[in-house]
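Across the two complexes that follow, subunit A remains constant while its partner is subunit B and subsequently subunit C.
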Partner chain A sequence: MAKPAFKPGTAVRVRDLPVKGHMRTPGYIRGRRGRIEVLQGFFPNPEQLAYGAKGLPPVPLYLVRFPQSEIWPGYGSTGDSLALDIFEHWLEPAET
Partner chain B sequence: MTHDHHHDDDAHGHVHPGKGDHPTHAWERREAAIRSLLIEKGLVTAEEIRRKIEEWEQKTPADGARIVARAWSDPAYEARLLADANAAALELGIDSSAVKLVALKNTPRLHHLVVCTLCSCYPRTVLGLPPAWYKAKAYRSRAVSEPRRVLAEFGTVLPPEVELRVVDSTADCRYLVLPLRPAGSESLDEAALATLVTRDSMIGVALATAPA
Partner chain C sequence: MRAMHDLGGQPAGPVERDEHDPSHAERRVDALMALLRARGLFNVDEMRRTIESLPPEIYERHDYYERWLYTIERLLIEKGVLTAREIEDRLAADG
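Take a look at the complex of A and B:
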């Protein structure tokens, strides 16, 4: 199993990969910048698992937290946040 | 539209909107087609499918409520729950091993709200099947984009100084909210505490019930 690329607190951006079909990265979060909250573990890649393959080796899955104001222009409450689980290949380091 | 003749459910094999049910959606027809193929090919039996549905429909939020009540009563258990919710559930005899379970602790400054924007991922092993609104597009889209308004529609108004953190269960983890223990519940034992823990408080659209 590969070592996870990101540590908690690291600034990351969600990539907009041209994946067709089944994947677990919602459109609204692509291109948004957040921080790694925690590594949830290693899980088979759902993009392959959905089509009968084993999705191995397992991919690191992180809970990533974003300020709501980073996602929705005009979101009112500045302290609010949104977190979701994102597979490592959808993340790239972001400038801070 | 009324019918005075009798129909066995679906036995006649055509769409029948007048039956009193909603019209059959294309997805339901696809599901029915895949199901009969799986049965025809001997991969599953109708009895196995029926039993699985029965099993899931018999699970209730009572298991989740027991977990929360224990966490409220025992700080060491709460710490174990936050570190490994599957193991903590198993301590109470609750098997949640089908999927990774994660507990989200509410505090006076932080409130969690759970949604699945992509489908209807839900901590079924501890809460049972999700309510219909949880699977509705309106909840799934608005819970991420205007969560405070959604909460207000459920009767939950958060003070502005409380951080509202929406957790979108997009992948392999299922999230259980550990609600704030209500004021006035200090003298209650675990069983009495569990009665204050509603399904909605473990999704995060409501607070735990205040003791009577």
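Take a look at the complex of A and C:
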């Protein structure tokens, strides 16, 4: 199994990949910045499982936490956050 | 580009709550889905992919379990378990 690319606390940005078909990264989170909270584990890739393939090798899945103010314009600085499970290929390192 | 089911953060009105006890037909669709999944005929990602790729006019016009029923029909045809013809013939016979 490959080594996970990101450690907890790392700043990441969600990529806007041109994936057509099934994916598990919602539109509203693309391009947004968050921090890796924890590696959830390695899982077969659902983008391939959806088309009858085995989705192997398993890909790292992270819990990523985003400030709500980073996602929604005009949210205000309440300190609220949103945590989402995101597969590694949807993430890139972000400037902090 | 967003698919039609990817609604998070899109402008929308108030949430319309339509809570009801599932009808007999809805329970049967739920049971059918559970059985087909348990038998390994398809996985949850194939099921989601099929729902998400329903023609928009079908997706928009039908409710939760009706979408499931269309999805089951499409997956059974895709997997070669049934043919569209067999389903149509049976529906016509029951008509």
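To be clear about the criterion, the second predicted complex is superposed on the first by the 94 of 96 C-alpha atoms of A that agree within 3 Å, B and C clash if a C-alpha of one lies under 4 Å from a C-alpha of the other, contacts with A are read in each partner's own complex, and residues count from 1 in each chain.
Heads up, the rule we're going with is that a contact is a pair of C-beta atoms (placed from the backbone, for glycine too) under 8 Å apart; a residue touches a chain by one contact, two chains touch by 3 or more.
A quick note: this is a predicted structure, and the numbers were derived from the prediction, not measured.
By the touch criterion defined above, A:Pro46 lies against subunit B and subunit C together after alignment on the C-alpha atoms of chain A.
Set against each other, subunit B and subunit C differ in how many residues of subunit A they touch, and the higher count belongs to B. In the superposition on chain A, contact of A:Asp80 is made with subunit B only, not with subunit C.
Judged by the touch definition given at the top, the superposed model places A:Tyr28 against both subunit B and subunit C. Once chain A of one complex is fitted onto chain A of the other, the partner contacts of A:Trp72 extend to both subunit B and subunit C. By the touch criterion defined above, A:Leu61 reaches subunit B but does not reach subunit C. Within subunit A, the residues touched by subunit B in the first complex and by subunit C in the second are 26, 28, 46, 71-72. Considering their complex, residues 24-26, 28, 40-41, 43, 46, 61, 63, 65, 68, 71-72, 75-77, 79-87 of subunit A touch subunit B.
If you check the complex, the residues on subunit C that touch subunit A are 2, 6, 8-9, 43, 45-46, 48-49, 52-53. By the touch rule above, subunit A contacts subunit C in their complex via residues 21-22, 26-28, 46-47, 49-52, 55, 71-72. On the side of subunit B, the complex with subunit A involves touching residues 100, 102, 117-118, 144-145, 147-148, 160-161, 163-173.
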